[in-house]
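Shared between the two complexes below is chain A, which has chain B as its partner in the first and chain C in the second.
Coming up: the complex of A and B.
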């Protein structure tokens, strides 16, 4: 659905005669990138971000300028959080207040995820006793990422982009070039990975105490010269873990959406380079490929959420059970 | 070029994991669940290396 609307937006570009083959990568990047401007103007937020940045000594045109403004992805983050919380809370409220204890359709889906995660992930990797204290974190991460990924396939901003393109209102078009996958933004996934990072360090410290936890990093009982090799490697591994988590999720979501857009741009590139008939001929292949890829994206959305939750559980388990 | 090499490496790695898993499940069908969760872990680790290298090739 997203790509249909998106191709509509591109069609607008085509009819104005501006489409060239070189534009395809730019379109793909625009599709996954954050909006260049803030969606809403809040003077309080602007003042606050200026104060914080001047306090830290960062000028306003610097790359590291701390902008608290609401961009497209920030807005979507709030939106995803809202949807996640309301869906889960209302479903579970309904289930609890239900006298007969029969789960509704959506409740059984959620129940399936929860039970699968509990039996296959939490009990397996964190342990039968400790898993209860870490379950809320893993479930929260799983459902947040799942909803974020799935919402990326619903064309909210693509619709705005299409409207802005057709009605030639540039102010709508500029900040809504489509793409509403928050999890395709590296900053978002890095924030979630940081939570995981803190969680598994905290888990180790809680179990073994501060000093013993850092001693556990390297296996004991090695001949002493080996420690000069093992300790740096283990220390690097500690920081590579959240980095790999960040890049895996963002890379997968971004890659899928870029591929979708590129498949659609085949039509326009063929039309621009060869002729209208070539564009018409390539359209069925292009759209069916994009359709198939959208189905794949549905699968990837669930798998990546599962993988993130699984790795969180695995890292926490590794911090708790040092012996293996 | 770098991205292609990373994909070849990860492809061989995940292929080997899949080979092992298919054999393991064929030999012990009752342990399929446990094998599957271990598989995910291994495949993720292989994929993680590939993603890191792919990004490195993009950046450099």
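Coming up: the complex of A and C.
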């Protein structure tokens, strides 16, 4: 269904002007990139952005200007978090308060993930005693990313764009600008990776104390000249971990969606370059490719959420159990 | 072919190409989005931790404990049941044995008393028989004596009639005596 909506949305886009083959890459990139301008204008946010940035000494035309305006991805983040929180809290509260303790369908899926992560990941990597304090973080990372990934597969905002375009309502049409997969945005994934980074630093400090934790970076028992090599490598490794997390998740989601859109642009490119019949001829090919890829993306959505959660648990475990 | 390759290769050029701000559009640092992500994620973490994960984990722990304890209870109930079964079997066996003993005992007693009753009856009947026999004997003797006396008087009457005369008692007596002697002599001869 999603590729039908994608195609529909692109059809809406196509009506703006003549589609040419060269437009396809730009269109695909637009599909995963953030919206270029603010979706909603909030003066309060603009003022806040200016205040914070000037406090930090960043001018408004700098790349690092902190613009707190609501872009599409920020809007989607709210949307994803709202859905995540309401779904999970409702299901779990209902499950717990239910005296019969029979989970509903969705709840049994959530319970399956929760128990699997607890028994095979948290207890394994963090430890039977310490896992309880880190479990909420790992679970939240998993489900937040999972919902973000899955919501990215539903082209609900592309459909909004189509409706907006057809009915000439710019306030709705604006939704079609930029992609709707928050987890394909490096800033979002970097934010979650930052939390993971803080978590495993904090876990080490909590266990060993501030000084001992940093000393743990260097494995003991090496001949002293080696420390000149090992310590910088370990230190770099510390920062590479969140970066790897960031790029892995964003890259996976980005790649899948770009490929998905590119497959569908074949139809429009063929129509534009050769003719309507060619477009019709290539349609089954690109639709089946897009369908297969959507199925794959469903799998990737779960796997990437799992990998992020797993690595968070592994890094926290590494900080707690230094001897490993 | 061009149709397929253009978008695929075009994208790599576009990604490498810098946009107006000097970075490629897919890796633009948007600090606003970053800050929002941090804030939103932390909020979600806080809310879920309080209202979802901790209650759920506690609930799961409790349920697992409950399951473990009920399993243990089931195990102990099973052993209890086995014990009870053994005990009841023992009781049943004992009862059976006792019942058998009682039956045997009563059988023995019954046999004994039956034998005794039989013996008593036999003794009594023997007694009766003996008594009857002795009575019969006495009666027999008496009857024989009477018959004898009757026979004597009858034969006397007969003899008198035959002789047509009544001899006196002394004659009678002499006659009888002599006839008895002849009878005895005849008996001795024969």
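By our rule, the second predicted complex is superposed on the first by the 309 of 324 C-alpha atoms of A that agree within 3 Å, B and C clash if a C-alpha of one lies under 4 Å from a C-alpha of the other, contacts with A are read in each partner's own complex, and residues count from 1 in each chain.
Here, a residue touches a chain if its C-beta (ideal position, glycine included) is under 8 Å from a C-beta of that chain, and two chains touch if they have at least 3 such contacts.
Source: prediction; values computed, not measured.
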*Look at A:193 in the shared chain and tell me whether it touches chain B only, chain C only, both, or neither; answer first, second, both or neither.*
neither
*Have a look at where A:267 lands relative to chain B and chain C in the superposition and call it first, second, both or neither.*
neither
*Name the contact category of A:248: first (chain B only), second (chain C only), both, or neither.*
first
*More residues of chain A are touched by which chain, chain B or chain C?*
C
*With the two complexes superposed on chain A, say which partner A:309 touches: chain B (first), chain C (second), both, or neither.*
neither
*Which chain A residues contact chain B in one complex and chain C in the other?*
none
*Which chain A residues qualify as touching chain B in the complex?*
120-121, 124, 240, 243-244, 247-248, 251, 306-307, 310-311, 314
*Can you list the residues on chain B that touch chain A in the complex?*
33-34, 36-37, 40-41, 44, 47-48, 51-52, 54-55
_Touch list for chain C against partner chain A, complex_ = 2-4, 6-8, 10-11, 13-15, 21-23, 25-38, 40-45, 47-49, 51-57, 59-60, 63
_In the complex with chain C, residue positions of chain A that touch it_ = 21-22, 24-26, 28-29, 32-34, 49, 63-69, 71, 73-74, 77-78, 81, 84-85, 88-89, 92-93, 95-96, 101, 111, 114-115, 118, 132, 135-137, 139-140, 143-144, 185-188, 190-192, 194-195, 254, 258, 262, 265-266, 269-270, 273-274, 282
